[in-house]
């Protein structure tokens, strides 16, 4: 149902060494990353074959399919380009904060797209302002760009400037940068945010998720390593690993696997689908209950439900019909028509759930209002028992690295114990995935699960 | 995937005897009927409490959520109203042909919403023109309205005029009509198109499908009987059954069950979900093949796939991820980017299908291009075998009653035998539901299956 | 300034005998008639060379330049077409009432554009409804079309049907009609509304005003005579004068000369510019006052002011600057910012008016609020005396023939005598054009000046 | 007619010391400055009463009445604000280059609106980039803002930083700047661009032109002196004159008087209306010709024509009707319909010009195409003789200070002598205002007339 936890961004970059225009490909790539940010989006392109390095950039509030049209894409000619979809975490939700940032600096043009969140922005910004800097936006990305430009003055290469900048900025960042003749990918040393490399014909591609490679018909080459700077130029791929740290200190965001990434993506070689399926299996193992059907909250709980079904040997089915014509411009029902609000979007297949004992799976529980309404719909349709299983642990701590979890007082898991929540939402039972299962769903990969534990890979002052 | 066969219309009407405004309810009801027509839509309302009977009508090309906004709905005040969603079958796809028709005639106002197709329009229209009639539209509904107005001059009641009109017009029609103090539902004697009656508080409701009743929180009362005229006025419900014929001569459109209606609707008391599930079961019974997984073409084949899975004991799963951010304004890829076109909308879960023998279910096969592309995607993702099972028989004849099947030369089933089609689409096997199974999926209800057999309930000259 | 009295409509028709598309020409023609109606507009075209006579019609609320764009015009291919601009007098201001009406009747297609107002619509409509007619709109034009269609059944030609219809309908009408192979112009016997004939290359043209002919580069041939039916077909021009009455009974609307028509038009061979200029001259003759400057209210009073200046030998000048960037979407100032409202649109040239005695001319006085504000502006800018001269008599009666004068209680001239008005608006003197001068400004042409006298050419029940 | 020479910008600022919201006033002010730039516009506001100094800024491509609506203005709450209308001279015509610039710097917020053009931008920009600066736009204004921010770090006040910046930047600039608690106006030492100070209630106002003060009902206080920095804070007005130079070295743009400014404005106390009127008078004196009428090209030549008429004693009249409904979205006629293009916008009053010898005045001649078309129209309408008088000298040199004169090869005056031009445009005679008359039309004020002479107040490398 409605996504209550929000991701910062999705980033994409492409360099066509044969000189073909890349704006259409960026458009389709951004469509495949739209789930990572629905607030604003943008594309910046340049042409490596021209002497004058001009960046053409277009960005606005809205979905990719709303912001761009044929004429706009036509004007964005160029063989080197980057794209961005955004949901605001730092910086307000205004046009000026849309990305990519397209800039001029000492070496010509610079475009920057950023996914993640720094934790030392304030001090960095003050340092720059003390030297006369002016800021057009309130986003971290401008601070990063400034440091790169500043370091570039006394560095031999853009990569050297980026490498120095990485020693200064702290936090989560996957960056895609285009400079006059190069496409550059950067991933923070802890590897919070995903970034992968692909190829199609004679184009190199960087993207937040592998599902983009499938969409545009590209081949996956490898993941950008946490701490790595990867450069694509007409001379091919180069890698700078100065800032790489040991695997033991890394902390990939577990929430990408549980919630954000698209299920057909692989993040650091782990299938998102499989991680969610396993979470369902572990739930079945740890919190079995006898029932007639396993059902997922559409669409977030479906994969977990299939895992639970498989391990428990209780049949999986779909119990809901979603109205696919609602759209964004849809007029929300008044408060007094609150029950209509859910039913417009979702109807229960009575045929399926009547007189049945149901295990209902969702991937997380935030405010508890959605699950409560769905439980209600099932009851109205004649379900006999409803057992809730959540394929992640309860949220108890904030995220400092780019995930917008609601404030503590809006988090039902922060204020109530399990039994209290069960009563509020009206289910017959309620269980969560255990925290110790988290590493297991990603085959033991080093993760950050701070939002469930309060323990983060970087110290937060 | 893309709907290649198109329905004419969805109709809705409501009369709030307590005098409350109904425009918001009509809006939500039309959203629940949007699958029946996405070309244009409209709402016409009047106020039974005012002396001057004025119809306010607003209609335009586009989806319900695009055409209407808060201000427009606010202007549509009234306690008696009807609504319509349309895909053009007769009449061109132009603004003028949008429905409802809002008219003035001898007794004041008349609004008409129509689902279906007449087969004697031409002669009816000529008869009217010989008496000086002028037509503003090219749709059947105007002809019907004209006859009702004409008969009304020499009839005691609007119902009598409608009843006389029913003896003249031939074909499929579910009509909802509002006259100054009445809401009237009419269903043709053969019962081609669905129409049901519901109630919410002190409002009576008529709708093409029962899913609308769920959406707006109303209770199902009963279906309008084929041939019946049902009148809702401040004196309650009245029924005129002059034109009712015997059940044996009826012919409900089987395609409503197979394809058009929403799976959570019940048409003439038969669950659409169950009909599709049974079609899958019969397919498994009649055309079993050994495999690892049963998969549906999203979303049209999913229910049939579950039926097949249950009967065959081969596990059902979902194998595709749909991009839910594509939208209508999305820029279609050029011909040269044809492969991208499918992949933008759909990606395969490699994790699920790799090295598997797959039974792929869809509800129909029209041009064969979509299923071919999906088979391709599965093969690319590593599926070992792909067996196609279609939960309806092959199309071999036109529909004269309001379903827009492509022309014969575009129908792959018309030009090719099963083996030829199998080769074209590239599957390992291909089987259809048998024609004799059709009555069984609707518990023996009298149906029209003319598009599969060439035999229609009414003689076509 | 703001037009407070509103005209019904402007009409245009063109038949290109060489078969070229006429939609662009209609577009430019409608732009030249936009002053006659700014509420809605439309174009209907057909192709005389095709067997199937299909009318393509597009109309919507808004200005010509807002409603039409290149794509829409491209779809309106055809060599025979009519156009309409509308301000509603009868019929509400809704999309359905936009014109032209495009209809099908016994002989194929029929498109109708109408300027004027009937006075026996009610009874005509009842007669039709008693025979089963249905009405889609609330405009007179549909009634006229219905009668033509009805009479056509028993007439040998469309002209015969129109001629019979003219004997039935009463009031003001200039009609342009396209039937499958003909373009037809009709003017009511009294000649209330203008209509002229022109030619360009091998195209014949009908238009409300001659300024259209200048705009599209056509040559004026002659006016359509009051009561005449003029037919343009591939055989050339034919004329039917069955309904022509004697000149003595005619009554051209004097307000076309004073106010509505564009100053570069000639109506029934009388120059609108000259009529207004003369009105100014007569004012000077009848109501001279000594002063330093003659100034017009922009732009409505400028021509009268020049006439006054010439006769009085007091120099004419412009004293105002208009802001030409305000536009329709401009946010109106709140009530509290009322003084800003005028000043945004108009500023006085202090340089010009300071310490001057000014004669200020306008063409009419309706509510009196505009002139009051302008007098204020002049006073603030230092004008010493302000003498108002209005180049038409005071309104005292309603118009039944298509001019939308405000209701009596909004007309300052109805409620107050001259001295009272002078005090309200704050001028030093106030005089009107004398009623007896009206025929003189149009060289003695027979006119209707009912709004100033209460005497109309047709009896009003 | 169409403006062929384009101005850079209009600027406006207001500080309401009583704390009232100023966004509506800025909106109306920008409407009054719209003639100075129609490409993009923007408003930036802040609230001096809040602790956190946040600038809210909204800007986009388009006219003021298109870019802003009620909701947007509502969101722009604040008692200190600046506004800008723009036509691009430096920097491309893209959204990013719209003004005001809203920035964060060491002391909080900074908004900048700029009218004019620097001549040493390139070197200034390089100096900044060498220190690590990044640029988001390609406009001069960002360079100015950067220098102010940089100097602010080591200055005691924003005024000191601005004063130091003024010593570095070279060229034409009228700046309006808002810093957290101040509204600041700056005019370059040469005084190229206008800037004036006004007051309304307890609000201080800065604007490019005095017509804005009339529009919003404010009182003119004085002009900002060339070289002055004027500061409005809660302590009142302060003035810094460190950069003021002697009057003899100043160079007000003469083109503001001839062409750009609105005729109801006073620039440096000289009436724009009067300057244009005098130009006409001098033309009559220097280039008299016997004729029947003096006519202006609408609307640019009308004031000059009145001056000519007065001095020559030949009557002034208007000879054209402009269609006021054309609008921006109007579909331009194809090349083949070229004659229509003029006639749609303009028609001649034949009544007025037939058989007359006409003196036609315009304020400038650029490509010569417009005047040629107008001469043609007059001839077609029967004018006997047409004598062209231009109330400015011929362009022969570029402007470096913010006026966008077409390229030399598009300037008819650059390529042809007077007689050649006369033949091309088809007039009976042609004369220009003499260069030596220029200072006389502005009462001897020190001006820059470089575009007519090649002599500029600042040396151009």
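To keep things simple, chains are lettered A, B, C and D as they appear, and every chain counts its residues starting from 1.
As a working rule, a contact is a pair of C-beta atoms (placed from the backbone, for glycine too) under 8 Å apart; a residue touches a chain by one contact, two chains touch by 3 or more.
Quick caveat: nothing in here was measured; it's all calculated off a predicted structure.
Chain centres here are means of the Cα atoms, and by that rule the chain farthest away from subunit C is A.
Measuring from the averaged C-alpha position of subunit B to that of subunit D gives a distance of 61 Å.
Taking each chain's centre as the average of its CA atoms, subunit C and subunit D sit 38 Å apart. Centroids built from CA atoms put subunit D at 48 Å from subunit A. Those chain pairs judged to touch are A-B, A-D, B-C, C-D.
Residue ranges of subunit A in contact with subunit B, taken from their complex: 24, 27-28, 31-32, 34-35, 38, 63-66, 68-70, 73, 211, 214-217, 262-264, 271, 273-274, 302, 306, 316-318, 321, 323-327, 329-331, 333-334, 337, 339-340, 343-344, 347-352. Considering their complex, residues 57, 96, 101-106, 110, 129-136, 138, 145-146, 149-153 of subunit A touch subunit D.
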